[in-house]
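What follows is a short report on a single structure.
Order of writing sets the labels: A, B, C, D and E. Residues in every chain begin at 1.
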Amino acid sequence: MLEILGYVEKDIRKMDFNEVLDEEPKLIWMDCYDPSDEELYAISEKLGIDTDELALGLDEQEVPRVEEEEDYYLIVFKAPLFEEDITTTSFGVFVKNNIVLTIHKDKIKAIGKLHRAICYKKPRNVLDKGNGFFIYTLLNQIISSYSKVLVKVEDDLDVLEDRILQDHNKNLTDDILQLRKMLVYFHKALISNKDVISLLKRKYLPITTQEDRWEFEDLYYDIIQLIDMETTYRELLSSMMDMTLSIENIKMNQIMKILTMVTALFAVPVWITGIYGMNFKYLPFSEDPNGFWIILLISMILIVVVMYIFLKEKWIR
Amino acid sequence: MLEILGYVEKDIRKMDFNEVLDEEPKLIWMDCYDPSDEELYAISEKLGIDTDELALGLDEQEVPRVEEEEDYYLIVFKAPLFEEDITTTSFGVFVKNNIVLTIHKDKIKAIGKLHRAICYKKPRNVLDKGNGFFIYTLLNQIISSYSKVLVKVEDDLDVLEDRILQDHNKNLTDDILQLRKMLVYFHKALISNKDVISLLKRKYLPITTQEDRWEFEDLYYDIIQLIDMETTYRELLSSMMDMTLSIENIKMNQIMKILTMVTALFAVPVWITGIYGMNFKYLPFSEDPNGFWIILLISMILIVVVMYIFLKEKWIR
Amino acid sequence: MLEILGYVEKDIRKMDFNEVLDEEPKLIWMDCYDPSDEELYAISEKLGIDTDELALGLDEQEVPRVEEEEDYYLIVFKAPLFEEDITTTSFGVFVKNNIVLTIHKDKIKAIGKLHRAICYKKPRNVLDKGNGFFIYTLLNQIISSYSKVLVKVEDDLDVLEDRILQDHNKNLTDDILQLRKMLVYFHKALISNKDVISLLKRKYLPITTQEDRWEFEDLYYDIIQLIDMETTYRELLSSMMDMTLSIENIKMNQIMKILTMVTALFAVPVWITGIYGMNFKYLPFSEDPNGFWIILLISMILIVVVMYIFLKEKWIR
Amino acid sequence: MLEILGYVEKDIRKMDFNEVLDEEPKLIWMDCYDPSDEELYAISEKLGIDTDELALGLDEQEVPRVEEEEDYYLIVFKAPLFEEDITTTSFGVFVKNNIVLTIHKDKIKAIGKLHRAICYKKPRNVLDKGNGFFIYTLLNQIISSYSKVLVKVEDDLDVLEDRILQDHNKNLTDDILQLRKMLVYFHKALISNKDVISLLKRKYLPITTQEDRWEFEDLYYDIIQLIDMETTYRELLSSMMDMTLSIENIKMNQIMKILTMVTALFAVPVWITGIYGMNFKYLPFSEDPNGFWIILLISMILIVVVMYIFLKEKWIR
Amino acid sequence: MLEILGYVEKDIRKMDFNEVLDEEPKLIWMDCYDPSDEELYAISEKLGIDTDELALGLDEQEVPRVEEEEDYYLIVFKAPLFEEDITTTSFGVFVKNNIVLTIHKDKIKAIGKLHRAICYKKPRNVLDKGNGFFIYTLLNQIISSYSKVLVKVEDDLDVLEDRILQDHNKNLTDDILQLRKMLVYFHKALISNKDVISLLKRKYLPITTQEDRWEFEDLYYDIIQLIDMETTYRELLSSMMDMTLSIENIKMNQIMKILTMVTALFAVPVWITGIYGMNFKYLPFSEDPNGFWIILLISMILIVVVMYIFLKEKWIR
């Protein structure tokens, strides 16, 4: 799927593929999502970039980096991917003259959001400032996308902590695993993204102005903050897993104590009833009218004594 | 909330917002806690600092750093935050000419304390020596605030260790988790703060004198000492978690031994009573007047033998 | 075993050992798999490389590296080894003039594949560009071989996750161990291989052209991507092992709860039946025609009460 | 407490506080242990060092380092502290002209030992060679003090290993925890001390001669050896904790197997006796004189069969 | 114990202590194992090396390093030590003029082997090439000694893996611990040894020729290979320990399931027999000739139903 926005004569408008390069607008953003082979070939033709190179942007595992080629630039960046689980995916940004091409295999929320924002809201300040600022806006949107997820994680952690103390089950363990999984993916992605931003803020590239580099400087601190949050959360999660294990053991201890108490309380009394249930002709006290009550009393006393022992050993509280 | 202290003619006095800049006191400290939008806008107007920049000081997760702008300095620093749990929060210090502005979203104990100290105790030696020394005093107060918490942790650890050996339950696990959580937050905060102090002690900035930098040197060793303590405590806590797990397992073993012994002791005797409880016409010894006593004796001997086996296997001590 | 391919007059053909060096083809690839001592000696004679040196390529544990000797180059590289388990093995590539000798103790899939491709498919573009490009093609094949395995691992992990939640047993644990083992070997191999590729892309060697080094640059990013994937998978696996442990504990808790409930439910009722089974002459209610039903009712009520307690404690759901 | 030793005219003698500086002995060692405020003030007066600076030596957590001040040197170093547990404590060494002042809050064994050695044994070779050599002797004594403890740890570990295999209980877990705790403290202390020694061996300071620096070089290797030992022991201890956990689990398995066997062996036989204990008028075989023996035989066979199953499953060995 | 080999006039012969230095053979190797004080003193006299220095070679924990003294060289190196467990020990190599002195407290296999090889096999090529080559031969022998042990470890790991899946007990845990212990010692030793070899291959020392340094280069790759193997094995062992824990838990689950099933199967049937064992005058069906069979049938049905429930819950497979 290919959607093209052009900034022509201080206005934004959707463009047709054939219009591109024809009337030289100031800035053209081509967003190419999961392209068919034909689309890929057409773009390759139009921009003069090899399809193999374009395909780099479609590899979900591609390493984030900045590549300077003879007549274009390629930025590979990782964005959060909201599918069944939250993982990450790579996308490519090709910059050639006045054209910025974003190309991605997976649906990336932040790009869609930026697209809508440009179409319906405030076109000028994003596209007016040139390629560099547009790239900054795009990457900033991606970083915000991570940020939103991570801010939610903090609340999730508080909820998890309460749930661990109250009750522990398979769902909880699964939730913890899902969180850890997401944080593992985010960690890898953010570390690599940081290198990209760090290069963009530091190195002179013809596509960015000095002002753009200052913006990337801010983005750099944002990404460091996210990495900080994410490592903190990972350590907290791992503390929680430990706690989980400990609490399960404590619960098991309590269950086993109950089982042991129930078994111990009735062991002797049941044996006694067994003894008096034996079919001997001569059973002591069996003729005695109080025999039954005597035995019952002895059993009761035994139960109370055993209970008292458990109480003293603090098995019951 | 906005509170302003000015050092005018060798005296401290509370100032009104409008007085600021009017009569040029030597040093003005504006402390701005959780400001309303109006307050933020007013401060922005007065100081000529963008509200977006001021808002950096209100982001609780902001990365500690020193930023040199054209006509002011921004120091972001992390302080302990005493809410339900002890975590950390960021605050911003803006320095412009004779004005020091501290701005924070959360209530920071150390700042309140410094405020009270200046108002009611010894104003001169803090404010007389200029911006640099005031900032040193402020950061020193924050570091002391960490220090107090960490010194208390050492005692907590000793108490925890005793509690683990005596009795282990959910509360204990929760206490360990809370401590670990706090130390994780402190670790991140102290590491970042160290970089700030390190820069302040090393780099020439117009706002600090050579003497101030010597003071920051001392602060630097203090913060390294805190990091050292904190990592030590984290390792001790993790050893304790291991110990906890081990002790729970030992207890479980003991509980299961008791259960097994109770079950094993009465298994055969109960079976024997069952056998003699069967309603057969011809039961051996059933007519014998000593039958009952013989069976009882055999059961008793069996119980003693099983008990002896457990004693030899050191299940009972 | 020794197989020789020569690129003579724009055509590929299998060559005899004696033909080598005789008619000076542009490029000769000698592939030597698990050579006999005679073969090794013959190659040593022909190429003028010491048998000790050749033997480096046969050591399965040899450290990947590039060695520059006076008149030849040696590249040691690690490839995946598909035996019972998937581990890794080292092989050597000797480059001397127009001859490339690959020598390996174990069967390496990627080399066989390349051999078949050259024989039956597209000879020119691989062998036409000289030694450097041929080495690139070879190493690229090896890297793809890792890549294929690692891509499969991602699916395996998803399957494992589901299996953990559903049912956990020895086979699962074994599968996890096998995966971890493979990833440990891959990690070591890829880290060392990265150094080889990094050197090949960076350093001027007479056997590689500038174009070859650009190809190695691409390979370098591929290998970094693989390392990234592999570390991510290792962290996910280790999270899964933790989850596994937790789920086993939860299951154990549930089993013990069932056991405790069964034991507790019938403890008192069985004791009661024991009491009324005692052979006393005077048993209360024993003459009463409703006695049996009263006792049965009491037992039932007891069972319901105990069940209700467990229900309230949320042991049953 | 303050004790002063002076090296006057090739002899050692205890000196009075007032004598210090009066008659210019070649070297004066003032040892100040847990000083009162008056003592601290007096020393400050005499040496011209601020009390705040002197107090650095009394902070048990102070970071080891070397500080060069205008007219004196301060070395902070960490020594083992033998209280209830073995931890570490900091002490300060101030060097000003011919005076060496050691100041410490806690009792440090190594210092007491050196004091006694100088008083009663071999005074000259220690004090004759000047400040630098005296400091070397002092720090060497401290390092030996660590060394003695760590050498003992190796034996402790062997004993622990045997105890784990034989029997595992709370005391053992506590002993392991105490060892780990000590090694954590030692690790931090030795790492910091290493930096001090490294600086003393490397950097030209007016208080050390070239020969002294050679001695510090030896000390440097000693401290590296200690760090090596200590990390090795920590890894061994952590392996032992793992082993402990594993052995506890194995024991638990064995206990549960016994319990399960006892329960399973008598489950059916007890049920059978119950069946024949029922008070029905018509019980099969109940009139048969061999009935009892038949039932008993069936029960016995059942027990043997179940036992055989357990034997085949290798539950019994 | 002191054994001396001299290379005199192209022949090897055992020498007397007094002959040393007398007739100037080309190379003298003195091997000194656990020397008495007299021996140590005699060597010190002969070589002009301080006994304190010589004693460095006798400290089993000494840090591997190369020391250049005025007229001799000292190399400290770590060798595997085959006692009850396999650990490591340090030994010293002193090189002065034409004399190489190896001095060690413990018996080192590799040195004994080299000694025998020189005495009985191929003297020339080892001693003919001078000090540097002899040291290379010696260290090479030590490295091979590590290599042999580590190659065996790989097989041990395969065996362990099978044993874990089959059966797990204390011996297995102990075997794993012993392996881990050995690898911890090997890791420390190999890392330090690597630094020694790295220096010998890199730095010009009068005792080594350029050819010797090329040999050390090969040794360097060997030692890196060993470190690689050893870290791989450590990671595999730690994976196995995790697996072990998991399998123990699975087994425990199975044992508890059996126990719970046995208990649950007979809970109700035993209660029923108890009910009909009560001595009431009026028991329903007790007069009925089919009563016994009805109750027995109900019990059987109950057992089958409970078993079916367990089957459906997949407790039985």
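Keep this in mind: contacts are C-beta pairs under 8 Å (C-beta built on N, C-alpha and C of every residue); 3 or more make two chains touch, one makes a residue touch a chain.
Computed from a predicted structure; not experimentally measured.
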{"item": "Chain labels contacting chain B and also chain E", "value": "D"}
{"item": "Chain copies touching (chain A, chain B) - same or different residues, decided at half shared", "value": "different"}
{"item": "Chain centre separation in whole Å, for chain E relative to chain D (CA means)", "value": "25"}
{"item": "Averaged-CA centre spacing for the pair chain E and chain A, given as whole angstrom", "value": "41"}
{"item": "Shared-contact residues (touching 2 or more other chains) in chain A", "value": "245, 249, 252, 256, 259, 263, 270, 274, 277-279, 283"}
{"item": "Topology of the chain contact graph, where touching chains are joined (line, ring, star, complete, other)", "value": "ring"}
{"item": "Going from chain A towards chain B, every chain in order around the ring", "value": "A, B, D, E, C"}
{"item": "List of chain C residues in touch with chain A within their complex", "value": "161, 165, 221, 224-225, 228-229, 231-232, 235-236, 239-240, 242-243, 245-247, 249-250, 252-253, 256-257, 259-260, 263-264, 267-268, 270-271, 274-275, 277-284, 314"}
{"item": "Complex interface listing, chain A residues touching chain C", "value": "61-63, 65, 167-170, 173-174, 176-177, 180-181, 184-185, 188, 192, 241, 244-245, 248-249, 251-252, 255-256, 258-259, 262-263, 265-266, 269-270, 273-274, 276-279, 283, 285-289, 291-292, 295-296, 299"}
